[in-house]
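Below are the C-alpha cells for one structure; questions will follow.
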Amino acid sequence: MITDASPAAQPELEPLSETSEEQLLEIAMGPQHPSTHGVFRMNVVLDGEHVVRLKPVFGYLHRNHEKIAESETYLGSMPYTDRLDYMCPITNNWAYALAVEKLAGIQVPERAEYLRVIVGELTRLQNHACLIGFLMQDMGSSGTPLMYAFREREKILDLFESLTGARMMCNYMRFGGCRVDMPAGWLEQAQNVVREFPRFLDEYENLLVSNEILMERTQGVGVLSKELAINAGMSGPMARASGVNYDIRKVDKYSIYERFAFRVPLGAHGDVYDRYMIRFLEMRESLKILNEAMRDIPAGPIVDPKMRIRGFRPKPGEAYGRIESPKGELGFYLISNGSLNPYRYRVRPPSLINLTVLEDLCIGQNVADVVAILGSVDIVLGEVDR
Amino acid sequence: MSSLQSYLLLSALLFSIGLAGALTRRNAILVLIGIELMLNSANLNFIAFWRYGPAPAKLTGIMFAIFSISVAAAEAAVGLAIILAAYRHSKTTDLDQMNSLKG
Amino acid sequence: MTVTFLILAVITVAGTAAAMGLRNAVHCVLALTVGFAGVAAIYLQLDAQFVGLTQIMVYVGAVAILAVFAIMMTHTPLPAKPPTYSSFWLLGSVVAAAVFAVLAWAICSSAASTQGLPPEPEVSVQQIGDALMHQFVLPLEIMGLLLTAALIGAVVIAMDRREETK
Amino acid sequence: MVGEGILKGLVETARNFFGSYVGKDRLTTVQYPEERLPQIEAARSFPFLVYDGPDWDKGMRCVACQICEKECPPKCILIKKSADKKPDAVGKPQFYPAVFNIDISVCMSCQICVEVCPFDAIKMDVDYDLSTDDRFGDLLLDKERLAKSNEYYNAIHPTEAAAVDAHFAEERAKAEAKAKAATEAKAAAEAKVAPAAQEQPVGGETQ
Amino acid sequence: MTQALDQIFVLTKQWLLGFVPASAQPICSAILSVVPVLIGFPLLFAITTWLERKGLGRLQNRYGPNRTGPYGLFQPIADAIKSLTKEDIVPLTADHTVHFLAPVLLAAASFLGYAVLPIGRNMVLVNMNAGVLYFFAVGSVVELAVFMAGWSSRSKYSLLGAMRAIAQMISYEVPLVLASIVAIMQAGSLSTVAIVDKQAGYTGIWPHWFVFTPWGVVGFALFMIAATAESNRSPFDLPEGESEIIAGYYIEYSGFKFALFFLGEYLGMFATSGMAITLFLGGWSAPFSFLTWIPSYVWFFAKLLALIAGFIWIRGTLPRLRMDQLMSLAWEFILPMALLNMLDAGIWHFMPAGVLRWLVCTAIVAVPCVLLGQGLKRNKKFQVRTYQFAK
Amino acid sequence: MNLETIKSELEAAVPGCRLELVANPSPSGQHSLRIDAAHAVAVAVCLRDAPGLRFDLCSNVTGIDWPGKQTTEKVKLRKLVDGTQQEVEELRTTTTPGSLEVVYHLFSIEKKHGPIVLRMSTQDRDANAHLPSLTPVWRSAELQEREIFDLFGVVFDGHPDLRRLLMWDEFVDHPMRRDYVGPDDYEYEPTAHDEVLRRANQHLSEAAAKLPSEAVGNQQSETDGNRLSEGGGR
C-alpha cells in the first residue's frame, strides 16, 4: 500500500533530442499575447503546430500579497483581496471573511448570509458569462459573445456599484457580516436582472452551444481525466467537468447553502467543451439559488454588532477557510499570534493550482488548442501571481 | 532582331543558365529549380516555333507547351518530395554530402 | 515590340541568373519567380495567352511555393554556409557556357530562324479546349494519369514515417 | 444537419444587430462625456475632508487623531497634528491637522478610512474625472484640495449625510444642553458665590 | 437617358480620349481605365473598413466608431493618417529588401485581378479571352507575397503564420477553381464578359443567373467558402489568427506597410467577391427585369456590398477553425462537392429543360451534401451533449 | 473524523513514524498532525490510499517561517571570581534555531471529509531546510511546493521540477521569510511619503556600510541613490 507513490502517472517525456526528427520551434506565448489573459507566458516547444512541451512561466504580476498582509491589520487586507481575482472580488472577500470568522469564532447574522449568497452568486454569474466570452474570443469569434457577456456583466456590476459603491473593487464583506445593507429598491433591481438573465443564457446557447465549429474546436481537446483532476487538486468547474463531484457549497455547507435547492452539473469527458458547458449549467443553477435567496431574505442586522472595526485581535491559533469561488476552491489560511496583524496569511488560489495540469492538457495539441485550453482553465493573473 | 532567332537565343541562354545552376549548386532544391528552368527554356522554344511556324492555327506548339508544363509540375512535385525524403534520411540538402548510397 | 521583348528578356535573364547565382536559397526562389513571370510575359507577347497564364499559375503559384516550402521544411541554413557551389562548379560553368556557345552558333547559323513573323493567329480558349478534347485527347488522358501518379507518388514519398506507423 | 448550429448563431447575431437599433437594453453603451450615468449614492472614488460652515479651514471636522492614517491599507494618508487646538463642530477644543495629504495615486478607494473615522470627518467623493497630466503634483491632494463642504457631502450622499447631520445635531444639542446646564449650574453657583468666574474661552489658547 | 446614365463612364472616357492625339490614345485609354480602378477600390476599402467596424459593432451591441465625423465616417481617414504617421519598424535581423517588397507585391497583386472584372456594362479593363484563368493566375501571386512577408520578418510567429497561410491558400485554390468551373462550363468561355452575357436575360422578372440552378447555388456556396478561406477572412483567418499567432505573417509590420497588408486583404476580398458576382450572380445585371433602368455598375457594387456584409456578418458570429479542420473541410467536403457539382452541371447541360432536370440535378448535389456532412460529423465525433447532475 | 484515530491508524500502517498532535486553540478547531520528514511520503500515501481515510485532495500547501529566537535571561551562576566562589548574575542568551514549517491541508473528495492538517518542519532555516516533496503523492502540491521553495527557501527533495515560481531565477533571497528586507533598488515612486524615502535611504546607507563597495555596487548603483534623494527633495 505504501510503496507506490505515484498512481496518477505523470507524462514521462522523452528527451527532446531523441524524439525530434525535425528541428523544433520554441516560441514564447506571452507575456504580451492577446490570449494569455494578462501577463502570463508559456514557453511552447512546437513540432510543426503540435505542442511538444509547454512550460508556464509565472510571476509577472507578483506583488507578494501575502507578505503585504502580514503588515496590515486583518481588515486592511480586505481591499487587497478584491484585487486577487478581479473578476470576482466579492467571493474573494467572502473567503477571507469566512477564514477570519473561523479563526475568531464570529457568527454572521442571517440577513448578512443571504446578502453574501446573493452577491456571491451574482459574481458567479458574471464570471462564468465573461469566461465563456473570453474563451470564444480566444477561439477567434471577434468578440461577439464576449460583448454580449459584458453587456450582462454590466448590469450585475451596476448592482454591485449601487450596493457596495464600486463596480469591481467592492470591499464588501466584513468579519461577521457585510459592510452595508442594500439600499432601497436594490432588491427589485437585482430581481429584475436575475429575471432577465435566462434570456441572455438562451441567446448564448443559440449562438454557441450547437455551433459545429465550436464543437469541433472544443470536443476532445484538452482532456483531463478524473484521476488526474483529483490528484492535481483541480477544483471548481474544472474538476466538475472531469466528473469529480465536489462542490464546496455542497460539501462544506458553508454559509446557508444548505437551504437552497441547486444541482451540481458533472461532465463526462473532461474536455474544453465540458468545462464550458458546466459553466453554462452552473449559471442556471445559480439563478435558482438567487431566486430563492431573494425571495427568502429576512430582515435583521447585517453585521455582528459585537464586531469592532478597529483593534480586531483574534486569539492565537490558525484557521483554513474556503469557499467555492467561481474559479474553484478559494481558501485563506490564517495564523494569528494575538496581535493586530496576522502572523501568516495565505491564499489558496484556484487559478494557480488549476494551472498545474496545463502542460498535460496541451501536449500533443495544436497551438490553436493551447489558447482554448488556457481559456477553459479560467485564470486571472492577479490571483495566479498574487 | 525580335525574330525567331532572338527568342531562340533567349531560350538557349535560359537553358545554359539552368544547366549551369544544376551543375554548380550544392543545394538539391536549387538543382531541381535549375532543371525546371531548362524545361522552361524548352517551352519557350515550343511557343516560339509555334508562333513563327507555318501553321500557328494548328496549336501543336501550344499543346506541347501545356503538356510540358504539366510534366514539369509533376516533376517538381515528385522531385521536391524526394528531396524531402532524402533530407529526412541524411539531414541535409547538400548534394556534396548526399553522395553515399548507404546514407 | 522589340523594346518590349528586350525588356522582358533582360528581366527574365536577370531573374534566372540571380536565381542560379544568389547565395540565399529563398532569394534564389524569389528571383526565380521573376524569371518565370518574365517567361510568362514573353508567352503573352507571343500571343500564347493560355500558356502564359498557365505558366504563372503553375510556376509562380505552385512550383515556386513548393520550392520555398521545401526550403523551409529542410531547414536549409540561410544564408548558406560558404561553399554555396558544388565542388566542380568550374567544370559545370564551363560545360554550360559551351552548351550555350554551341546552341547560339547553331541558332545564328540556321536559316529557319531568321524568318519573319507570320500574321497573328486566332487562338481562343475554346479552340484549345477543343483541341485538347479531340485531337489530343489521348495525351490529355495520359497526362491526367501522370499527374495523378505524381500526386500519389509525391504524397507517399514525402509522407512522414511517424504518420505511417500510426 | 451540419451547419444548423452555425445558422442558429447567424440568426442570433442578426437579431442583436437589428435589436441594437430598436431596443435600449441591447445597446447599453453610454456616450461618456456627453451622457453620464445617474450618480449612484453609494459610489465612491477618493476620500475628502468634510468641513462645516463657510470657511474650510475653520470648519474642518478632522481632529488629526490619525486613526485613518494608521488604518489605511496602502498607507496613502499623511497627517501632521497641530500644536494648538481649535473648537470643533460641537464646540469642544480639538487638535486639527496641520498637514493632511492623501496620495491618490496610491489610494485604492477602499473606504476603510471612512469607516474608522469616529468624527465623520473623512468621506468618499464620487468625482471620477481626475485624470491629470501632472503625475505627482496633481495626484497628491493636500488639505485645501481635500476639503469639501458639508453641503457638497449632502449633495452626493444625501442619506448618509442626513444621518451624520442628525447625529451632529444631537451631539450639539447635548453639548448645548450640557453647556446650558453648566451655565445654569454656574449661575446657581454664582448666585451663591458672588465673584463670578468669566465663561471659559472657547479658543485654542489652552495648552 | 437610362442608357446614357448606364454608360456614363464609358462615354466620358471616349469624350476625354477625343482630346488626345491618336498615337497617344491607347496609352491614355489604359490610364483612363486603370486610374479609376486604382482610386475606386481603395475608396471602397476605406468605406468597407468603416462599414465593417460599424456593422461589427452593432452585431456586438456597440456603436462602433462614432467620434470622427458624423457617424464616425471619417474614421478611415483618421486610420490612414495614423498608419501613415506611425514609425515604420523593421526588425533588425529581417531581410530588409524582401521585407519591404512583400507588402508592395501583395497590394500590387491584389490590384491585378480587377483587370478582368466587368464592373458594369462595357466596363471591363481587359476583355481577356482567358479572363478567369488570368484572375486565378494573378491570385496565386498573393501567396508568394505572404510567404515573403512571413519569411523575411525572421519571427517565429510570422513564419508560423506564413506557413499556415500558404498551406491554406494552396488547399483552397483548388476548390475555388473547381467551384468556378461550373460557370465556365455553362458559359462555354473563360472570358468574364462572356460569362456575364450568358447570364443576361430574364424569364418573366426572374434573371438567368447561374446561382438560380442547383449546381449554381452549390457552386456559389462552395466558391464563397473557398473565397473566405482564400482571403483569410473569419472563420478561416488562421494565418493571422489574432488570438493564436497574434497577427501571423504581418506581425512585424507597422505603419503604412501594415496598412498595405490590410488593403491587400480587403482588395483580395473584393476581387474574389467580384468574381463570385461575375460567375454566379449575373455580374452587373439587375436582379429583376423591372429594375434594369438602374445603372449596371450600381448593381455590381450593390452586390459587392451585399457579399461584404455577409462576410462581416459571418466574421461577427463564428469562431475560428483549426488548421487540420480547415484542411479536412477542404479535402473531405468542398473538393468532393465541387467535383460532383461539375458532374451535376454537365448533366444539367445535357438534360432537357423541365421539372425532371431540376429534380435530378438537385438530388445529385443535395444527397451527397447531406451525406458528406453527416460523414464529416461522424468522423469528428462531435455532438451536442447532455449533462448529468450530481445527487 | 477524529484526529486521534487517524493518528493511531497511521501509526499502525507506517511503522516507525513519529506523529504529533498539534492543538489549535482558535475556535476553528482545526488541529493538526506533525509528521516527521523521514516517513512523510509513506504517511501521505497512507492518508491518500487507506480505505478509511482517502484524503485524495491536497488542497492547500503553504509554508510558515518561524525565525530563531534569541532569549536573554538572567541566570545565577557560581563562579570563581577572584579566587572565591561567588554567586554571579549573568545574562545568558539562548538561541533557538528556528525552522520553516510546511502545512498541507487535505480533504477527501471520495468521502467528503476534511480538512486534516499535516505539518512538517525543517531542522533549521539555512543549510538543512530540506523536506521530502509530497508532489509524487499529490500532484496539486507541484506548483505550491515550488512557490514555497521560491518564497521560503524550503528545498523539497523529490520534487520533479523545483524552480522558482514567482520570483525570477536570478533572485537570491526568499521574500516570505520574516527577516527578509526588501532591496532598495525598487523603482520607488517619488511620493509624498517622506517616510518611505527616508527608510529607503537609510537602508541604503546601512547596506553600504555593511557590505564592501563591490557588493553594493552590484545591488544599488550610484544613480539610484541619487534618484531616491532627488525624489525625497521634491
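Chains here go by letter, A, B, C, D, E and F, matching the order in which they are written, and residues are numbered from 1 within each.
One rule holds in what follows: contacts are C-beta pairs under 8 Å (C-beta built on N, C-alpha and C of every residue); 3 or more make two chains touch, one makes a residue touch a chain.
In this text the structure is predicted, and so the values were computed from the model without any measurement.
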Chain connectivity with chain C absent, coordinates unchanged
A, D, E, F | B
Please report the minimal path length, in steps, between chain A and chain E on the chain touch graph.
1
Could you work out which chain's C-alpha centre is the most distant one from the centre of chain B?
D
Closest chain to the centre of mass proxy, which here is the mean CA position:
A
Have a look at D-E versus C-E and report the one with more C-beta pairs in contact.
C-E
Between chain A and chain F, tell me the centre distance in angstrom, where each centre is the average of that chain's C-alpha atoms.
28
Rounded to the nearest whole Å, what is the centre-to-centre distance of chain B and chain F, using the mean of the C-alpha atoms as each centre?
73
Just curious, how far off is chain C from chain B if you go by their C-alpha centres, in Å?
5
Per the C-alpha means, the centres of chain A and chain D lie apart by a whole-Å value of 34
Would you give the residues of chain E that are in contact with at least 2 other chains, written as numbers and ranges?
59-62, 159, 316-318, 377, 384
So which stretches of chain C touch two or more other chains?
50, 54, 62, 69, 73, 123
Find every residue in chain D that makes contact with two or more other chains and list them.
2-3, 5-6, 9, 12-13, 16, 26, 28
Chain C residues touching chain B in their complex are 1-2, 5, 9, 12-13, 16-17, 19-21, 25, 28-29, 32, 35-36, 39, 42-43, 46-48, 50-51, 54-55, 58-59, 62-63, 66-67, 69-71, 73-74, 76, 80, 83-89, 91-93, 95-97, 99-100, 103-104, 107-108, 110, 112-118, 121-123, 127-128, 131-132, 135-136, 139, 143, 146-147, 149-151, 153-155, 157-158, 161
Quick one: in the complex, what on chain A touches chain F?
1-2, 4-6, 8, 10, 58-59, 62, 64, 66-67, 102-105, 228, 230-235, 244-246, 251, 314-322, 329, 331, 333, 335-336, 343-344, 346, 348, 352-353, 355-357, 385-386
What residues on chain F touch chain A, complex-wise?
13-14, 24-28, 30, 41-42, 45-46, 49-50, 56-60, 62, 64-65, 103, 105, 107, 109, 112, 115, 117, 136-144, 147, 151, 160, 164-168, 175-176, 180
Can you check the complex and tell me which residues of chain C touch chain E?
24, 26-27, 30, 33, 49-50, 53-54, 56-57, 60-62, 64-65, 68-69, 72, 123-126
Under the touch definition given earlier, write down the residues of chain E that touch chain D in their complex.
55, 58-63, 66, 313-314, 316-318, 370, 373-374, 376-377, 384
